[in-house]
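Chains here go by letter, A, B and C, matching the order in which they are written, and residues are numbered from 1 within each.
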Amino acid sequence: MLSFVTRRIAAALGTLLLASVLVFLAVQALPGDVATQVLGKDATPDAVAALRGQLGLDRPAWERYADWVGGALHGDFGTSLVSGKAVGGEVAAYLGNSALIALVTVLFAVTGSIVLGVLAGLYRDRWPDHLISTASLVGMSVPEFVVATVLVLCFSVALPWFPAVVLYGPEASVGQLLPAVWLPALSLAVVMAAYIVRMARTSVIDVMASEYVTTARLKGLSTWRVVTRHALPSALLPTLHVIALNVAWLVGGVAVVENVFNYPGVGKLLLSSVQNRDLPVIQAVALVSAVVYVTCNLAADLGAMALNPKLRTRGRTR
Amino acid sequence: MTTLDTAPVAVPAPAPARAVRAWRTLRSSRAAVIGLSVVAVHVLIALLAPLLTSYDPIANSAGEALLGPSAQHWAGTDQYGRDVLARVLYGGRYALGVSLTATLLTVALGTVIGCAAALRGGRFDNVLGRVLDAVLSVPAILSLLVVVTALGTGPSVIVLAIAVVYVPQVVRVVRGAALAVVPQDYVTAARARGEGTWAILRREILPNITDVVCVEFAMRASWVVLLISSLSFLGFGADPPTPDWGLMVAENRTAITVVPMASLAPIIALATLVVGLNLAADGLSKAWGVDRIREGS
Amino acid sequence: MTPIVSVNSLSVAYRSGGRDVPVVHEVSLEVTKGRTLALVGESGSGKSTVAATLLGHLRYGSRITGGSVHIKGSDVFALSARELRRLRGGTVAMVTQNAGHALTPSMRIGRQIAEAGGDIPVTDLLEQVRLPRPAELARRYPHELSGGQQQRVAIAMAIAARPEVLVLDEPTTGLDVVTQRGVLDLISGLRDELGLAAVLVSHDLGVVAHLADEVTVLRSGRIVESAPTRTLFATPHDPYTRKLLASVPRLDDAGLALVGEAGEREVRPRAQVPANAPVAVSARDVTIDYGSSRAVHGVSFDVRRGEVLALVGESGSGKSTLAWTLAGLRTPSGGTLTHESGDLARPAERRPLSLRRRVQLVFQNADTSLNPRRSVGDAVRRPLRLFGTAQSPAEAEGRARKLISDVRLDPALADRLPAQLSGGQRQRIGIARALAGEPDVLIADEITTALDVSVQAEVLRLLDDLRRERHLACLFISHDLAVVRGIADRVAVLRHGVVVEEGPTEAVFASPGHPYTRQLMAAALEPDPDAQPPGDEATGWADAAEPDDLWTNHGDGHRVRRWRPALLEGNP
């Protein structure tokens, strides 16, 4: 079991290393190097060369990569080409704001969708299932910017309960941002929940049809006990992985929704840095998203292992 | 038993052609039929748009800006006085054209790589898995943005970019499906006969995963449509004044209280197309018994 | 005495594609306290469906279309949810076929038994089903137990609330013979001790003869015949019952039993293998490893043309590993494996075409060995083309039809998909495919295990015909001694990858020399209620083979691996 955990963690680190190489290479491939970006198109070749030397751009790529990764390990991602501030601190500020949205989203989406998914699975082919399945199909089919727009229309315009746009910058306090968190989080939660609901439903149906659930029923147990003790522990395991995968999607979804609400999060930072070709920031955001993705998947794997006696007790003798 | 020594010869019905069988199972699922019809209607509308409306979707007409629905403009006009209905009808061309091409490319590449990984296994499979995981760990929209920034927003660039971000996911699905086929005895039998890798792939594995690939195509297409519209919405996809649904929502969102139809019409078009694709994917997977769990998210 | 279980003209239908498909048709039966009724039938007979109705359970999509089920006088399908739970928790309990699937994987054994109700402590229950170290076992998860142990846990769970009726749905199918015997003895002991009424569902007439007081034979959802066990086995009335009984291979058959349509039985004498028949395959000290564990330890044998050598053993004996290695799907880690025309130690893809086609494998499960998307004709044509036995597509077509009729099937079936054929027909196609390369060695890996008993008899006969017609050297892998008895010329008994006894079939069956062989034979159940198990029960023994003195010879090639008596090793 211990060797499984170490192997899994090693694999995650390997993936992360590979991802960092990919990110680095992809950003290197962007046309126009940093020096021309900073100095503008009219700069003399001498000035560009001087700046390249100063920034270390004349060194071989692998050396710059090693520098970048080495710095990143200490939280040093270089300086932003636009604001001139340290990228690490800037990304951290935006990231914190996004984390607020993500937290609320995951909380909404996971609890709501598991309840609905399990309900749909238990009432398979009856009206609660039809209702929930149809709703989740619609939820899946509508892009997050549409959900966001509709929510604004309902809860900012028609009923002025929540702000439609955020007027604060990245340094806003949690208290200032809190009223603005709900609508973006809800838009993301609707789309995210749609997937988890479907997953949970399928997996509940499969498990409810299994022989051991039939056996438990034939033991004369109450439906509640059959569902909670026998079915759910196995049914929810695969859902764990879907949730983890959805977190990766969340990072992308956040970019769109934050833009709709002008919310000062990492998604908005990403868009503006892409527009301004602020390469160090793009690199940092990409790397941070990769870390988030890999960590979530690692957590899902380890969580599944902790919950699954077959994996947990591996290596124990008969 | 219809054995010769125990029973007289029973004349069996010849097996219907594979396509006929596939069509029969498909028809048994109402969801699949409805979904595919919706998609077909969208394709027809996109092709026949010039016949369905007399308005030019990109012609500005400042005097007719921000009108509500009327007999002349069924869905009203936007801030530049363009007919919303015409833009919605033409809008499917970009969305469908780019997403179908992109999906086709993605699924084709993913199928080949996925099958090869499942069949070869070993180190090839391991290394591939690592690389794909690394690609997957960067959010799709971020990779798209980087590619688009680097190479511009031409349709071919977007097709390519989508292939880059979605091929890993298709590979995962196809590899999973193929892995379920590889240990089957009929594949083992082919190995015992000493068949080559390509023959096993073509004769034994591909015919048994076509259903998975079809479902994957429908589902992936819905994702691609959503992704492209998000991209357009953010201003990185279709260039104005191209009629595109995502772009239209972005343009008309600020005026949503004045002319709600200008935002709602493209939203409805987009949503019906994706609902259609999702219904098709759902219906197909149910009719063919494709396991959705394997496909994860 | 009033019956405790009474089923009155019960009909059940399954809804499929908008139509009702009848599964059970007007079945009636009664069981009184202390008696055991067996429901016997082949696949699709509806026996399990009837059994499950005793607990008020129907498969998803099924419904009662007529009749009723009464337990202790109350109509099961008219009970309220609460009363139904009480029935299931108290009056009727069930043991299903595969305990590995019937136990919840995420719950400890002890809790699963405890929640079945009753006030008997879990450890007492585990002791009652004769499981060792009950206190420790109760804390285990199902996957940490062996198949036999899982089945015993399922039984403990069933008797926890001291029910009055026990429903046993194929309770030992899938277990090794020795384990099966232990579980059956346990069941009959508990039944007598607790005075239970029991309904036993089984396809295995040996199990039925051993346990049941009365037998009801089902076919396609209808009752064919119903009689007390002794009467039924002695004088079966219905032709179907007679055929069923005649099809069961027996340990005392001197050759292969040929079964007629009306159930007449004729034992065909064994084919004589000419003394000068060439050796087709020869294995010398073959060892095979799976990673770091060794599955086969130094096995040697010869198979001559026209001869059937049976490899017999329980699961994990390495018999299928040997078969696959011979077919070129694994490579041996030591020893030599040769065919008269080349080296078989190499994997299939590195064998020359001429050698590859001459050694062919038939798989255990014909359902999975044929590509579901390709017609069965295609399955036979492919090797014809690949091995160059047929030069043109037209010739391949003709020869494929010929091969299909050679395995006693209608050539018109060639256009069908495997799913449109019955299990027996599929297995014949599997044999036809293996014959396409015109092999001289045929490896049959448990080819009748998944088949119903009447179909098994037909496939065995086909195999026996083919080896006579084509002088095939045949390696017949099986776990079933009775099947082997009829078809094999020589037998090798494998245990944990080691041959413990080998010799001519007659000699081995007449005087088994190794205690393990004797144990296997004792555990085999004859379809005869009065049969006494041959030989004594398992004696303890230990391996006593020395590297240079492995065998005791009993003459005529019958030899037994050296052993010595020892204390009984941990045999529960």
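Rule of thumb we're sticking to: contacts are C-beta pairs under 8 Å (C-beta built on N, C-alpha and C of every residue); 3 or more make two chains touch, one makes a residue touch a chain.
Please read these numbers as outputs of a predicted model, since none were measured by experiment.
J.: Where centres are the averaged C-alpha coordinates, which chain has the largest centre distance to subunit C?
T.: When every chain centre is compared against subunit C, the largest gap points to A.
J.: Per the definition at the top, count C-beta pairs in contact and tell me whether A-C or A-B has more.
T.: Taking the two pairs in turn, the one with more contacts turns out to be A-B.
J.: Suppose each chain is reduced to the average of its Cα coordinates; what separation in Å results between subunit B and subunit C?
T.: Taking the mean C-alpha position of each chain, the two centres sit 47 Å apart.
J.: Quick check: how many Å separate the C-alpha centres of subunit A and subunit C?
T.: 51
J.: Go ahead and note the Å separation of the Cα centroids belonging to subunit A and subunit B.
T.: 23
J.: Help me check something: in the complex, which residues belonging to subunit A touch subunit C?
T.: Per the stated touch rule, the residues are 209-222, 225, 229-230, 233-234, 307-310, 313, 316, 318.
J.: In the complex formed with subunit C, which residues of subunit B make contact?
T.: Against subunit C, the touching part of subunit B is residues 1-6, 9-12, 14-15, 18, 28, 184-186, 188-189, 191-195, 203-204, 207-208.
J.: Of all residues in subunit C, which touch subunit B in the complex?
T.: Residues 17, 261, 327-329, 348-349, 351, 353, 356, 360-361, 363, 365, 368-375, 379, 382-383, 386-387, 405, 408-410, 412-413, 415-417, 420, 422, 424-425, 428, 433, 437, 455, 458.
J.: Which residues of subunit C touch subunit A in the complex?
T.: 55, 57, 60, 84-90, 93-94, 96, 98, 101-107, 115-117, 141, 143-146, 154, 157, 161
J.: In the complex formed with subunit B, which residues of subunit A make contact?
T.: 11, 14-16, 18-19, 21-23, 26-27, 29-31, 137-138, 140-146, 149-150, 152-153, 157, 195, 198-199, 202-203, 206, 238, 241-242, 245-246, 248-249, 251-252, 255-256, 259-260, 270-271, 274, 277, 282, 285-286, 289-290, 293-294
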